[in-house]
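The same chain A turns up in both complexes below, where it pairs with chain B and then with chain C.
Moving on, here comes the complex of A and B:
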């Protein structure tokens, strides 16, 4: 199933590491965006932090392997894991196939809800993606 | 990318030292303590599993123990490899925002592998990048690559098989070979190639390294100057070594895996197709495919390219059919008496040995591929 990499839902917030956040009353669900999964490629292994563990925004909290590349999971907010999507640890293809739905990564308690103000709104994130795609095309042309 | 990069050569080291050093250099680059670096490393006999792999599934630990072969874990992804004195390791450690290094992984693989390809060309080897991240000569792998990131830095590394001990590799690793008979071993040998085999003799190590330096410098447009580990890196290495020498690092199963080996013989009018697959049934993936038989493929390398195209792909029938048909549509391959769908059916039977007929299998796969 092909996911439109430019798809940016209106009801979420985003960061420049290509994660989305859906916040409600001190909690949030986070995941990788459609563009993020497209850049990463077919995900083969995913290691998520366990429930109860704390993490800081932008700091290494897990791993994502695709095509012999081990990338790091960099949460877009600071908090504590309430639940991880353990189905993805046995079969991470949900992140590629349904990044905003079945492919969610973590449900977390926010340590500092004001961090949400620093995230990108959908329009700003669309602009960020457009810039990245322009850069990719230039790089491709240069190769 | 006109910047100066450090050229670092740490010589032959035990596996734990080499693997810890990768993380140290990556961390040091991410913290801005060192410049971008091209690092050469050499190995004592070792098996290095990928970051998420399980040692018990990938390695014949008894054989390694009996033969003094170390086992360790890389920070990078991909499959287990065997390395020894006949292998040169190269790795590029750079800031992620280094101008000229593509952000998209597939383009980055291509560019950095082209550096190694240019190095091999200087030795007279007509190597080529094969997506996603192999370097091959006439379809046979001479360098496998992989990478990782930490903070603001990336590491991309590979090996050059100088004078490779294929027999030991086959015995150390749990490869997709059901029985180690001579014919299977010979077929496996045909999948990899060393510098000595290509060139007829082996250039001295300094000559190989110099060629690789020139290759990377020309493709990346960089200037390399010999340097050494900094005091900070040495201190970090001291701190990291105990972890990399521990069972926690090497033997901890990082991910739930489900690995099975499956072999099938499928008779066609053009000859027998023997397919052996390593499958991850939890993730519905073909880990490795090994395809032999008594058919004739033109060009000969086609089957090796097909195996590469199947690696880590989905084994769902619809996806598999698309992968196989896509491969034959994109390559000029002639195999008298055998069609692409015969390969699909042989693979499908190895994955799902249910006894369902060829036509029925194709029909089911076609309908799920169209969904």
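Moving on, here comes the complex of A and C:
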């Protein structure tokens, strides 16, 4: 299933590392955006932090391997892992196929809910990815 | 860009110096080769699934887990490594990191062509000669940098590579060796006298200078040496080597880009079906067919130029 890389749901917050956050009552679910999974490519393996572990916003907390590339998992908020999406351990393609649904990565307890104010709203994230897509076209043209 | 022309160095140094550059946030190019053999796991390889540890221990093959992707590789002095470390904010780094392979691999392609080999890029990250892979490549974010690492096979011990991997049984191992011989090639297959490390290093450096700008030749300083030594402990440590990795229900070994040998359905001591998957299409691996031509590169079998008829540079 091809996911529209420009799809940006209205009920989420975003960061410039292409993660989304859905926050409710001190908890949040985190995932990779449609654009993020498109840039990453077909995901072969995910190393997610275990339940109970704490992490800080933007700090290396795991890894994502796609064809010929290992990238870092950089959480968009600070918190503690309540649950990781165990279905992705055996089949990480869920992130590519359904990034806002079955491909969620972590459910976390927020350490500092005010961090959510620093995230991008959908309009701002759309603008961000439009800029990224322009840059990609320039890079392609330069090849 | 800083250029470390390290020639032959300890096996662990061939991995730890580029990790050290990356963790120190320093850009640079390293060209080197290991003076001794070792086995290198990808970041997400599962040690016990992939490697026959007893065999490695008995034969004095040390293990190291790198922080870039890809699978298990056997590395020795019959290869030459080129390793490029760039800061993540380097404007030369494309948004889609895989796209840099095209530039990163050009120096190796040019070096092979200089010696008369019909080398080509097979996207995203293989170099092929006569349709066979002759270079292994990987990349990943490390610290505040990204590292692209690759090698050229001057020669390769196919028997040893097949022996050190954990496989379901002798049939799988025989097919693995035959498939590797069919889909991989080395400079020794094509040239009666392969170039020396020094010749290759010189050709690679010229290519990198052309692609990425002038190279500033230097030796590892104390900071880099100390960081590499620190990383040696980590990358070869028992806990790091034993990190849980990608476990699969089936035994599946990548041979080249888009080519896998797979055993499906083996359970309770029974052998499963051996499949050779190429370009997403799986066929039953026919070992007799694979074995029939295993000693010759495909271009030779196909009646192309004889390997020893290619020009040889002094």
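Throughout what follows, the second predicted complex is superposed on the first by the 143 of 143 C-alpha atoms of A that agree within 3 Å, B and C clash if a C-alpha of one lies under 4 Å from a C-alpha of the other, contacts with A are read in each partner's own complex, and residues count from 1 in each chain.
Note that in this section contacts are C-beta pairs under 8 Å (C-beta built on N, C-alpha and C of every residue); 3 or more make two chains touch, one makes a residue touch a chain.
This is a predicted model, so every value here is computed, not measured.
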Looking at the combined model built on chain A, do chain B and chain C fit side by side or clash? clash
Tell me which of chain B and chain C touches more residues of chain A. B
With the two structures laid over each other on chain A, which partner does A:72 touch: chain B (first), chain C (second), both, or neither? both
With both complexes overlaid on chain A, does A:122 touch chain B (first), chain C (second), both or neither? neither
Where does A:139 make contact in the superposed view: on chain B (first), on chain C (second), on both, or on neither? both
After lining up the shared chain so the two structures overlap, which partner does A:45 touch, if you call chain B first and chain C second: first, second, both or neither? both
Quick check for you: in the superposed arrangement, does A:63 touch first (chain B), second (chain C), both or neither? both
Considering only touches as defined above, state whether A:93 meets chain B (first), chain C (second), both or neither. first
Identify the overlap between the chain B-contacting and the chain C-contacting residues of chain A. 39, 41, 44-45, 47, 63, 65-72, 132, 135-136, 139, 143
Of chain A, residues touching chain B in the complex: 39-42, 44-45, 47, 60, 63, 65-72, 89-93, 132, 135-136, 139-140, 142-143
The residues of chain A that touch chain C in their complex are 39, 41, 44-45, 47, 63, 65-72, 132, 135-136, 139, 143
Quick check: in the complex, which residue numbers of chain C touch chain A? 42-44, 67-70, 94-99, 101-102, 124-125, 137-141, 245-246
Along chain B, where are the residues that touch chain A in the complex? 50-52, 75-78, 100, 102-107, 109-111, 132-133, 145-151, 254-256, 282-285, 312, 314
